[in-house]
Structure formats: C-alpha cells, structure tokens
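Next up: the structures, one after another.
Two complexes, one shared chain (chain A), two partners (chain B, chain C).
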Partner chain A sequence: MNSAQIEIQLIASLVAVACAIPGTFLVLRKMAMISDAISHSILPGIVIGFFITHDLNSPLLIVLAALTGIITVVLVEYIQKTGLVKEDTAIGLVFPALFSIGVIMIAKNANDVHLDVDAVLLGELAFAPFDRLIIAGTDIGPKALWIIGVILLITLTLLIAFFKELKVSTFDKGLATSLGFSPAIIHYGLMSVSSVTTVGAFDAVGAILVVALMIAPAAAAYLLTTNLKKMLVLSVVFGIFSAILGYWVAHWLDASIAGSITTVLGLLFLAVYLFAPNKGIIAVLYREKQQRTEVSLITFLLHLKNHSEVEERHVNHLREHINWQKVRAKKVLDLALKNNMIHIDNNVVSLTEKGETFTSKAIDYIITNEDAQIEDMKDDFFLFRG
Partner chain B sequence: MEQKIAVKVDDLTVAYNYKPVLWDIDLEIPESVLMAIVGPNGAGKSTLIKSILGILNPIAGSISIYDKPYDKQRQLVAYVPQKGSVDWDFPTTALDVVMMGTYGSLGWIKRPGQKQKKAALEALEKVGMLPFKNRQISQLSGGQQQRIFLARALVQNASIYFMDEPFQGVDATTEIAIINILKELRKAGKTVIVVHHDLQTVPEYFDWVTFLNVKKIATGPVKDIFNDDNLTKTYGINYKVSIQE
Partner chain C sequence: MDLKEYFSLVFNDYTLRTITLGTAILGAVTGMLGSFAVLRKQSLLGDAISHAALPGIAIAFLITGAKDTNILLLGALVSGLIGTFWIRGIVKKTHLKSDTALGLILSLFFGFGMLLLTFIQKQPNANQAGLDKYLFGQAATLVESDVWLMAIVTGLCVLVLLLFWKEFKILLFDADYTKTLGFNTKTIDILITSFIVLAIVLGLQTVGVVLMSAMLLAPAAAARQWTNSLAKMVFLAAIFGAFSGVFGTAVSASQNNLSTGPVIVIVAAVFVVFSFIFSPSRGLLFKQIRFIKNRRDLKLHKTLAFMHQIAETHEDISHPHTIKILNNFQGYTKGTLKKLVDKGFVQLQGNMWSMTEKGYSTAANLYNQQTDSHE
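Moving on, here comes the complex of A and B:
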C-alpha cells in the first residue's frame, strides 16, 4: 500500500463514520429521505460558494451548502404543515427544484471549471490525495482528510454532549418538550450536522453515496441491536468496513470507489436483512412457522384435555377431526412426543402429566395474558416469546 | 379551608389550521385532587393538556402552575403522553425509558448517574415492572408499556401529574394497578389530571372532574357535578341509562 492508498481509505472511513452518526438518528426518526433531499439540494449552495471563492474546499462553500440544507428542511416542513400534501411529497417537490437550480447554474456558468454534475453525484475519491493542504510551506495531508476530520470531531463532540437530549427527543418529542429540551433546537441541530457532513463528504464521495453511507449502516445496525449505543457503534463499524472493503473492490475491479463502497453497503444490508438473528427475514419466517406449529400443538393438547373418550383420541380420528394435513399432524405429534406431552397406546393418544400441566399453564396465559406463569416456558416455545 | 390552586388556565384558545379546538377555557385545578377530563372525541382533551405543558402554542390565553408560568415550574410537573405517541420499536430498554424521567432535573448536557438509576429502579418496582427492566420496550405488552410510562412520570417526583389516556388498551389488572398508584399520589398531596374515556368509572376513580367539549362545560367535585345535566351538555345525548347501570 502506498501513502495515497492509505489516505484514500482513511478519508473514506472518516466520511463513513461522520455519516453513520447523524444517519442513525435520521433512521430512528424515520427521516431517511431527508438525507436524500439535503444531499441534492445543497448543490446550489455549493455552486454559489464556488462562484464566489473559486475553491471547492473553501469553508464558505460548506457554510452556504449547509444553509441550503437547512432551507430544504424548512421548506419541506412548511409545505407539509399546510396539510395539503404529505411529507414524502413535500420532499419530492423541494429537492429536485433546488437541485435543478444548481444544475442550471453549473451548466450556464461553470462549463470550463472542475465542477460538473458527474463529480457532484458520484464524487471522485481517487483524486482526493492530489489536493493537499499546505500550511507555511509544509504539506500536512489531503485537504479532504482535514475537512472531514474537523466535521467528524464536531459531530462526535455534539453527540457526546447531547446524547441524552437526542435520545429523548427522538423517542418522545412530547416528553422532551415538557422537560424543557426544545425538540426544535435538537431537530435543527441534527439537520445542520447532517447538512455539514453531507457537504464535507460530497466532494469525496458524491451526493448519492452520502445518502447510502448515512442510511445503510444505520438500517443494518437497527436490525441487529436493541440498544441505541450499540446501534451507533455498529453503524460506525459497518461504515468503516464498507469503506475499506469498497476501496479494495474498486481497486481489483478498476472501478469507481464510490460505486464500489455503495455496492458493498447494499450487500451488507442485504446480508443483515436476511440473516439478522431476531429481526432478519429468515428468523422471522422460521419463527412464524414454528409459532404455527405450536399453535397447532396447543389446539391438539387442548382437544385431548377436553375429551376423555377413547374414540375422540384415536390417531385417525384426530387427523380427520382437527382436519390437518398429514404432514402437519405428524409434525405436531412428533413435537408433542419429543416434549413428553403425550403418550400413544394402541393408536390412542393421552396427555402425560407434563402435558396436562403445560396445557393448563398455556391456557391460563392465553386467557389472562399474565407473563409470570410462562417465564419458564419461553426457552422451549417461540409462541410465548414476545 | 382554602385550597391552593395548582393549575390555572385563563382564556385559553387553541386552533389547528384556524379551526378552534379549545375556545376560551378558564379552569382552576385545586391542589391534591385526582381529576378526570372527559368529553367526546375531538373535544380538545389532549390539546388542553398539551397546551398547559407548552407542547402546543395557544393563540390566546395564559397558563400558570402554582402562580408562575410553566417554564419556571417544569420541575413540578410530570407528563404521561398517549402510549401511541411514541415508537415502541425504538432501540432501548424499559429501565432506560424510565431514566428519561430524570432528564428534566439534570438539565442540558449532564448525564444520569447512579442516583438517577436508583430512582428509576424504585419507580419500576412501584409499578411492578422490575423483572422487566432490561427488556426491550417492543417486547412489552400494552399494559406493561403503560406501566413503564407511569414509572417514568413517578421518577420525576413531581407535584402535578398530567396523563393522556393512561387506560387506553390496558388490561383490567393494569388499570387497577394504575388507578391505585394515582390514588396514592393524591393522598400524598399531589395533583393528578387524567384524560379519561370511560364514564362508568369516573365516580369510582376520581374526586374531581372537568367536562370539556371545545368549551368548558363544568368543573368541580365529582359528587356535585357529575350528573345527567352536564353529561348531556357535553355529549349532546342523554347518558342517564348508561350511568345508572
């Protein structure tokens, strides 16, 4: 690895972390689409800033772009508040308008400068190491690294200082207000951080990847944990992982770095979506199947409990009477046998003592919904896990 | 004996999109009562509470808590929002939600410590939810979620409690558990204000009642004003039969 490669990976990782933190809160606030809106509508801010300074890395650019980001949010909220259209429609109205203004400004005025729509949408991480920050004649590293580093530092400081406020206002706006933590301040604070991060990141990775870096790691982390701090840490880890792996994929394929990172993020989310232990789609399907079997089991046990007559408890009768398909009946019978709930003599099924207690307990639970009785049953049966 | 006034509402008018939801409300809630706010859907019951707590901005009127504006008296007030107002899939535990009740006394930036944790555990114990302290909140039943909300209000150790439909979607056991805690609070001199739907239980649960339907119809002790006349004025139909049952 040469130093340029290390620098690119470092920039990509810092961008990923800086995006993952506000992204986590955007996902929890169900505002993922806002990041998309911001990432596009900051364009006119960047263009105006560029016309004034002729420097893509000028702090004025960041300020102006962040300002257009905030204007986007305000406009979306204003349109939404009229009650005439819903939030998603408002977003869909605002950001293309602002973005197109930016596109026209570039086309009209910046044809011969290093600012074109492709660069804005996709960025070019590979060129980042060429643009150095030189202070008093000394080269102290790529400008992009410094910009995103400073933004990340600010984000981290704000996160640590206002973690409690962010959490309470995200979870329960009403409570936050009544406690005196103005959700409006926190909301616009988060929007400002998102805007500034988007601007800082977009030169390196482009407007589309910024959205992916904000949303995908957080969405994947959301499926894996039930703890906000862990969710933040996981988002950050996923972000860094995708940034570095994406870089090497691009290296091997000789493809766009931004494109590769986004692809890795997409695959990562897909993997989590499929295989997450509790919320993953496979786990959910398995649990549903298991619960169906267990409902059948309880129905079956209940039938046995209610009928002492031999003919009601004959295997063939059960198949007919409860009207299950053969396979399912066998599965339920096997499950009951395996758990020592029933025994079969001459094709007549009876409840064992364990089966009797289990059935009573389960019915009690279903009727009263009191959790205490079934705590010990939870390990064996999905049906009773919340 | 002259009772102190805990909450005073003067000429309160609130509108959504120019349509008044509350109209010229004057209300005095004395200290140490357990009060129900009743009225039909859309009568502005939740709006009244939210306006008192500064969550909504009224177009006219003023609110005072023990003779001072709400901003100065936040510490004296606890709020239990409607259960449906939050996302129960939020990645957090029961204990953590209860801890949020302590954030008000901490103020900005300061973090909760052992003292706050201890208070939260005690509140969980009081509502019978201690065994579930580490459970993710989506894994709790509706009644348990409501108890968590109640615990979060208890931990605020306030003088005045506002609760928005605490009995919505809870089982009978939880309803009794909650009302017993509310009665205890009143005995301890606290003021409890509850948006309530079930008219049948008003005389049994509450000692004070406010009838609301955009305008205030009546307010006072249940034994004096909870009658057919006010019910009819509030709901527009005769409730006689259902109440006498």
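Moving on, here comes the complex of A and C:
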C-alpha cells in the first residue's frame, strides 16, 4: 500500500463516518429521501459558487451549496404546508427542478467551466490525494481529507452536545416540545449538518454515494438493533467496512471507487436483510409460517371442541370441512398429537384433557380479547414448537 | 419569423420532428401514469425506479455487447422491476419505512450501475461509448423506431387503463373496500406498478435516469390542482406532459448547448408553479383572495353587530347616533361604513348614522342563521 492508497481509504472512511451519523437520524425520522433531494439540489449552489470562485474546494462553495440544500428543505416544507400536494410529491418536484437549473447553468457556460455534472454526481476519489492542502509551504495532506475531517469533527461535537435532545425529538416529538426543546431548531440543525456533509463529501465520493452512505448503513443497523447508541456504532462500523472493502474491490476491478463502495454497501445490506436474527426476511418468513400453523391449530382445536358428533370429528371429514390441504392437515394433526392435545381412535379425533383446558383458555381469550389472558397462554404456546 | 421558421422545421426536419413527437408522447404517457403514482403516494418511486434501471442497462450491454436500444431498455425494465419489488419487500416484511427503502434501492442500484459503467468503459470494446447518455438522456438520439416503440407502449397503456379503469380507480381510493369486493388487489397493484416502471424506462433515453422522476410527477401534480375527478386529472396530466415535451424540445432546439431533458423538466416545473398559484379552487392566489374577502366580511359583520347592540337600547331603531362612537371599535373603517350604507343597512345624515329596518333584522339574525344575502 502506498501513501495515496492509505489516504484514499482514510478519506473514504471519514466520509462514511460523517455520513452515518446524520444518516441514522434521517432513517429514524423517516426523512431518508430528503438526503437524496439535498444531494441533487446542491448542484446549482455548487455551480454558482464555482462561477464566483473558480475553485472547487473553496469554502464559499461549501457555504453556498449547503445553503441550497437548506433552501430545498424549506421549499419542500413550504409546498407541503400549502396542502396542494403530499410531502413525497413535494420532494420529487423540488429537487429535479433545482438540479435541472444546475445542469442548464453548466451547459450554458460550458466553455469557461471545467465542472462536470458526472463529477458532482459520482466524484472521483482516486484523484483526491493529488489535490494537496499547502499551508506556509508545507504539505499537510489532501484537501478533501481536511474538509471532511473538519465536517466530521463538527458533526461529532454536535452529536455529543445534543445527543439527548436529538434522541428525544426523534422518538417523541410531543415530549421534546413539552420539555422545551424546539423541534424546529433540531430539525433544521440536522438538515444543515446533512447538507454540509453532502457538500463536503460530493467532491470526494459524489452525491449518490453520499446518499448510499447515509441510508444503507443506518438501515442495516436498524434491522439489527433498536438501541440508538448501538445503531450509531453499528452504522459507523458498516460504513467504514464498506469504504475500505469497496476501495479494494474497485482496485481489483479497475472501476469507480464510489460505485464499488456502494455495491459493497448493497451486498452488506442484502446480507443483513436476509439473515438478521429477528427482523431479517428469513426470520420473518419463518415466524409467519409458525404463526400460521399456530392459528390453524387453534382453529382445529376449537372445531373439535364445538362438535361432539363422531362424523364431524372423523379425520377425512376434517380435511373437507376446514378445507385444508392434505399436507397442512397432517402437519397440524401431528403437532397437536405431539403436544398431547388430541388422541385419535379409529380415525376419530377427540380432545385430551390438556387440549380441553387449552381450548377453553383460547376461547376465553378470543371472547374477552384481554392481554392478561394471552400472557398466561404464551407459555403453553411455546410448548407446541417441537 | 423565428417561430414560423421553427414550425416549418418541426414539419420538415426529420430529427426535430422525431424528437418533438417522441417527447410529446413520452410526456403524455408519463403524465397519465404519473397521476396514479402521485395519488398512490408513490411519487418518489419513480425516482427510485429510474435510478434502479441503470445496472440493467449496463448488464444488458455486458451480455449482448451491442448498443441496441430495445435490449438495453429491456435490461432497464428488468432491473427496475427487481428494484420495485425489493422496495415492496423491504416495506412489507421489515420495519424499515418506505422512504428508507426507496433511498436504499435508489442509491445502491445506482452505485452498482456506476460500478458497471466504469468497468465497461475500461473494457477493450469500441462500442461502449455513449452508454452514459442514459444518465442525463439525450433526446437527439431518438430515431423513428424509438418513437414507434413509445407510441405502441402508450397505446397499450391507454388500452389497459380503459379496460381496468374501474379497478384502478377503486384500488386508488379505497384499497380495503376493493379487497372486500373480491378483486385481486395484488394483481391490480402489480399491473399498475409495472406500467409505471415501463413508462419510466421508456423515458430514460430521452430524459435520463436522474430527471425521470420529475417527468412522472410534475404533470400529475399540476393536473391535480385543476380537478377533483380522476379521469379529468389523467387527461390533463397527459396534456401537460405532452406540452412540456413539445415546449422543452422547442426551447432546447432554439439554443445552443441546452440538453433537452433538463429543459423539459423546467417547463414542467413552470406548469406546476403556474397551477399552484392560479388554479381557481386550490390555487394559492385565489385562496389568499378568498381569505382576505372572508376577513372583510367578518369585519363588516362585527360593525353591524355593534350597531345593532346600540340600536337595541333605543325604542326607535332608526334613532341617529354619531359616527364617533364607532371609532373605538376595531371592525370600523370608513370603507365598511360605506359598504353598509350601500347595502342599505345603515343611513347616513351628516356625521350621524341610523339603522334601517333591513339592517336591524339582518343584524339580529346574523348569528342565528346562515344568511347568504351577503355572499
């Protein structure tokens, strides 16, 4: 590894951390798409800033771009408040319009601007180490590293200083207001941090990767934990992991670093989405299947309790009557047998004593629909799962 | 005459005619389907799908090695559909919300697409240049066969809309009721979503991945302001979309260095802003005017009620009072007094006023019943 490679990975990791922190709150506040809107609509701000300064790394550029980001948020909220369209439509209307203005401005001045829309959207991390920050004649590292480092430092300071406020206002807006935190200030604070981070990172990694780095680690973390602190830590870890692995994938494929970091993030999310212990898709499908079987079992037991006639309780009749497939009927029957709920004589099914009590309890619960009843039953319930 | 020249060009010049027709048809079909997306609160789905289509284009190119538009769009369609159904899967089966799911699919698919595009660019294949036109679209590359494809898809879409109009409409406004009626909501849902994906994919070549969502939303959002009827909205959105396409093409053709996609989006945005402000029933302008008018009426009522209170204390209701005693009342201005006189509720004699019979009875009933005599 040479020093440029280390620097690229360092920049990518810092961007990942700087994005993961506001991203976690955006995901929790159901405002993930706002980050997408900001990442597009900062374009006119960047273009105007570039016209004034002719330097892609000037602080004025960042200020102007962050300002357009905040204008986007304000515009979206204004349109939403008029009640003419819903929030998502408002977002979808504002950012393409602003983005188009940016694209047109670049196109009209294409001759004297070497600013590329692709560069804004995609960035080129590979070139970041070549743009050095030189103070008083000494080279102190790549500019991008310093910019994102400062942004990350500010984000971290704000996070630590206002962690409690952020937490309360994210999960209970009403409580936050009654405690005296202004939700508006926190909201716009978060929006400002998101804008500044997007702007600071676009040069290095591009606008789309910023969105991916904000949302994907947070979403993956959210599937694994419901504790805010753990979620923050997890999304930071996921971000750094994908940044470094993504770099090496890009190195190996000789392709865009931003694209490969996003791809690694995508695979990471896919893995979590499939295999997360409680909320992953496999766990959810398994649980749903269990629940279906349990409901079938209860239906079956209730049916037995309702009918004392022999012909109603005959094994073959059950299948016709409750309208179950052969396999399913057998599965339910086996489950009930295994738990000593029923016994079968001559193909006639009847409830055992245990089954009787259980069914009465179940009826009680269904009739009264009180939670207290089911607490009692839950113990019995898990017994079935053999 | 510039305009005349332009029109003669539209009819005579092959390229301009093709592009104008193409963008018009595209605008119409996205407007129609966009109405459903907007009303189903799936506005951002378009954004996600259009980004999600990118890897499909790249993979289709990698497999076939040819730049045939139809095959690339087929790839885009497949990957757009995969993205859409993954979004649905995330929203349905996990506790992640739809905004997170949309943002995830959008950025992850797009990033993967970019990885593939940059990978393709490094390949030793002379054919690969120009794939990135799908990022921002290039209407100039439209040829007649593309326009035919658009026209066929639009025709198909209109046909399906007409056939399943009732089902789409009922699903849109009351999904639970639709289920109880025995319709297969899942199939209808998939049908309409697939058509939205199809419309988006069609537009990729012209408008590009990044701006496609605006083509879907803007005409529909503008049309929504003018009507409350679904049929009218779909129709209006189609017209708005078509006009955005035509105007956008015209503007971008008349200037150098202007790509068509962003201009079409700006034109559509102008339609939206115009509708937001000037729509008679929902527009901001008329809402504000109604607001001011209501406030004035209220002030008038207040003054009248105050006069009524004074008049009540006298046996003769038309007993004259000085105008001065109204001065410490906030609803009173010279204008309101004059209006009351004009309406015949009050008579003026010098600096004295007195209530008329009509004014007295109106004031007495002011809060008892809803008099529509003022409106």
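Observations, loosely collected:
In this section, the second predicted complex is superposed on the first by the 288 of 386 C-alpha atoms of A that agree within 3 Å, B and C clash if a C-alpha of one lies under 4 Å from a C-alpha of the other, contacts with A are read in each partner's own complex, and residues count from 1 in each chain.
Please note the rule applied: a residue touches a chain if its C-beta (ideal position, glycine included) is under 8 Å from a C-beta of that chain, and two chains touch if they have at least 3 such contacts.
Because the structure is predicted, anything quoted here is derived from the model rather than measured.
One of chain B and chain C touches more residues of chain A, and that partner is C. When the two structures are aligned on the shared chain, A:G266 is found in touch with chain C, with no touch to chain B. In the superposition on chain A, A:E165 makes contact with chain B only, while chain C stays out of contact range. Of the two partner chains placed around the shared chain by superposition, neither chain B nor chain C is touched by A:L10. In the overlay built on the shared chain, the residue A:F181 is in contact with chain B alone; chain C does not reach it. By the touch criterion stated above, A:T225 is placed in contact with chain B alone, chain C being left untouched. Residue contacts after overlaying the shared chain place A:I151 against neither chain B nor chain C. Touching of chain A by both chain B and chain C, each in its own complex, is seen for residues 30, 222. Within the complex formed with chain A, the residues of chain B that make contact are 17, 50, 53-55, 71, 74, 77, 79, 81, 85-87, 90-93, 97, 100, 103-104, 106-109, 111-112, 135-136, 138-141, 143-144, 152, 171, 173. Chain C meets chain A in the complex at residues 38, 41-44, 46-47, 51, 89-90, 93-97, 99-100, 102-104, 106-119, 122, 132, 135-136, 210-211, 213-214, 216-218, 221, 224-225, 257-259, 261-263, 265-266, 269, 272, 276, 282, 284. By the touch criterion stated above, chain A contacts chain B in their complex at residues 28, 30, 83, 161-165, 167-168, 170-175, 177-181, 222, 225-228, 230-231, 369-371, 386. Residues of chain A that touch chain C in their complex: 27, 30-33, 35-36, 40, 79, 82, 84-86, 88-89, 91-93, 96-97, 99-101, 103-104, 107-108, 110, 117-118, 121-122, 208-209, 211-212, 214-216, 218-219, 222-223, 250, 253-256, 258-263, 265-266, 269, 273, 279-281, 284-285.
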